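Two complexes, one shared chain (chain A), two partners (chain B, chain C).
Right after this comes the complex of A and B.
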């Protein structure tokens, strides 16, 4: 029970930290990092809840987390790419303005 | 390091006041606490899925239950996931195309040569990293092959092995001697082969079993291995492409004098971390 409690508190804590960062942090890179921290919290909760009474963990949840990690990587890469594009376009429009 | 002046101007406009921050913290704290209490109070619902997976494992063609779920019982997930990776790769490809066109002015660097890997002449080579890589890259490739093969019985599989290969590619690129060209035909083929092989298998087994993605029991093992080999190549190529697109974007992201300072320091820092 105490181990479950530790995982629950840690994963929800990570989720909360990420959510706070997502709302409060003004910088777009920080927001992307915050979303990643949130997703790590969710993955942690899924992996922890995969443990069953008889010992063998639930493979469906493990497979789901593995899929989720890959999709999170793809999403993060695209978000960083778009952030870079926004920045480049912002610089270009600033140069035009001055 | 990403706090460039241009983005800071936006910062001041978007920054929240202290009271709003405290209110946010209180709201999120309450939400988190109630979630924790909810999770503690509710019992872990006993799912029938683990027992079902164990029961059907002998028909799946592999011994590792996670691989069985990923590539047999819920292979739709994996198929769509490789599709998602490919879509992101396609979305980020024009940038690498653009960059390689710029770099084509440099000697010994021809993106239209159709080769995946080209040697950069008069490049700034990191000798330490290069010396380490001569030993490290073959070992990583062998390890990736082992991870792929062992995925049938133990933790491992296409994603782990693809990530290892992509890591080797990143190191090779950081050493400065070799350069990857993702607009070449072979790179496009490598990036798509995972999805193509998966879809060919998915449709190919339909006449035998009547359902898409339902493998015949006796052929399940070889088919899963085929999909995994193709998926490994695709995942490695796509992850390397994502890194490449983002890495070539960083000089644009920072002001010009900073970019020239940052580039060598980033490549110098890498070898100690790897050793």
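Right after this comes the complex of A and C.
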């Protein structure tokens, strides 16, 4: 059970670190990374919760983590695309200004 | 009951049909074809919902279960995913189907320009339908993890739709919306993990039976509330909404303000009053009400100060969302049995409010879109002569505005009247002051626009010619907005229709 507790503390810690980074980090890429650290924290809690008394892991939680990873990838991809597009547009308007 | 009205087919169809539309509009070539497919699907969706409603009001009540259920793939809870429906979610589905149809017709003309960027309109339709998939799925979900998935579908599709414009402002607003949305979903997912660890189920109905007021449940409820308040944009977490709703294309703004923010509110109501009701404390409920009151004042003040029409309408959404949160303190002493699910006079009043606001706000955003198309801008200070050039649009704006203010005979009047009744019955007179002053402030920002619109161009000789309208709109675009505004009047005269629907579960 102490192992379980370790995972819980670690995942809450990751969630907290990510949340701090999301709020404090000035750069957009850092914010996107921070969101990913937060989601890893949540996924770890889900995976850790899958251990049961009789040793066979709970498949529902694994399915949830897989779905969560897919969602995280989609969200990250969209965020990176938008950040890249904003950056390119910003450069273009800077050139126009000069 | 014949096979057409079989709920076993209807519930999954409401999720499957928009998904098919999303695929078809991706494959189809040409704006005309994509729009025709979409209008056809939107019609079928409305017919399905009407069939579902008639099933619910005829046979649905005689079933012993209050929540009507359908197990996807034949796997029941707790392992499988259940689709459920009750009076409240049925009403939300009906609202979604109606708005989808009107906005789809509007979008067919809004995005049709001979020389428009083709890829923009090509991207619109699949994203539009994915958004509807998410909204329908969310209202039907009886499973907290499935709700997470639908929240993400809604979030990602909505962000992409906001970014559709391609301008730097729109992209920045979309990115901020995305980060806020992801943060909200992650808080929610963490709560799902905590709840599953503790109770071993993801099913909403099972949770409502076994949930206990323990520290873990409180933590989960706090996380869910934080996450969903971010997505609902309740003051002080509203910072992302005005820009996102103000930069999106008109039909997208309309559905974001009318439905998308309310999906998270619906979930909040579901968790606080139904699934996790044993853990919801009086202080928490009152706190949500106070935040709602703050939203009414802050949103109205910002709407008064806004210089652009779309921003004003978006801030008005921030204010109107505040009213919804008055639900939480008002259930306290209305005699509602708080663990009986989403029923009772306060819930009926709020459900009616949601419908009234959705129609009025969608109409307003469409009018703002029409004005932007015609005038090339939506600067409130330069809308002189609007009454002369766009009389129908202005009339629509006035009716929708009357509903927001709460003037009879609009639906907005009935919804505020119901809310006032509930507040007085609950002996919480202070909400009465807030509801009434909110209406007064809405009057101030609506009349501010009307005032400028009636100043004729001749009186303002200094107006430059380029500020005069240049584009002519297809007649159907103002008509769509007008239809929605008329809907608020029609609902004002037929309030029992909506109220009967919400109370379907009560008779059981």
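Criterion: the second predicted complex is superposed on the first by the 98 of 98 C-alpha atoms of A that agree within 3 Å, B and C clash if a C-alpha of one lies under 4 Å from a C-alpha of the other, contacts with A are read in each partner's own complex, and residues count from 1 in each chain.
Here is the rule we use: a residue touches a chain if its C-beta (ideal position, glycine included) is under 8 Å from a C-beta of that chain, and two chains touch if they have at least 3 such contacts.
Computed from a predicted model, the values in this text were never measured in an experiment.
K.L.:
Where does A:79 make contact in the superposed view: on chain B (first), on chain C (second), on both, or on neither?
P.N.:
second
K.L.:
Just to be sure I read the superposition right, which of the two partners does A:42 touch: chain B = first, chain C = second, or both, or neither?
P.N.:
So A:42 only meets chain C here.
K.L.:
Who does A:15 touch here: chain B (first), chain C (second), both, or neither?
P.N.:
Both partners, chain B and chain C.
K.L.:
If we overlay the two complexes on their shared chain A, which of chain B and chain C does A:66 touch? Say first, second, both or neither.
P.N.:
first
K.L.:
Between chain B and chain C, pick out the one touching the greater number of residues of chain A.
P.N.:
The partner that reaches more residues of chain A in the superposed model: B.
K.L.:
With both complexes overlaid on chain A, does A:91 touch chain B (first), chain C (second), both or neither?
P.N.:
first
K.L.:
Let me test your reading of the model: by the given contact rule, A:31 touches which partner, first (chain B), second (chain C), both or neither?
P.N.:
In the superposition, A:31 contacts chain C only.
K.L.:
In the superposed arrangement, what residues of chain A touch both chain B and chain C?
P.N.:
Common interface on chain A, chain B vs chain C: 15, 19, 28, 45, 49, 60, 64, 67, 71, 74-75, 78, 90.
K.L.:
Quick one: which bits of chain C touch chain A in the complex? Just the residue numbers, please.
P.N.:
Checking each residue of chain C against chain A gives 79, 145, 148-149, 152, 155-156, 159-160, 163, 168, 171-172, 174-175, 178-179, 182-183, 185-186, 189-190, 192-194, 196-197, 202.
K.L.:
Could you pull out which chain B residues touch chain A in their complex?
P.N.:
Touch residues, chain B against chain A: 2-4, 6-7, 10-11, 14-16, 21, 24-25, 28-29, 31-32, 35-36, 39-40, 44, 47, 49-50, 53-54, 65-66, 68-70, 73-74, 77-78, 81, 84-85, 88, 91-92, 95, 159, 235, 239, 242, 245-246, 249-250, 252-253.
K.L.:
Spell out the residues on chain A that touch chain B in their complex, using ranges where they run on.
P.N.:
Against chain B, the touching part of chain A is residues 4-5, 8-9, 12-13, 15-16, 19-20, 23-24, 26-29, 45, 49, 52, 56-60, 62-64, 66-67, 69-71, 73-75, 77-78, 80-81, 84, 87-88, 90-91, 94.
K.L.:
So in the complex, which bits of chain A are touching chain C?
P.N.:
Residue list for chain A touching chain C: 15, 19, 22, 28, 31-32, 35, 38-39, 41-42, 45-46, 49, 60-61, 64, 67-68, 71, 74-75, 78-79, 82-83, 85-86, 89-90, 93.
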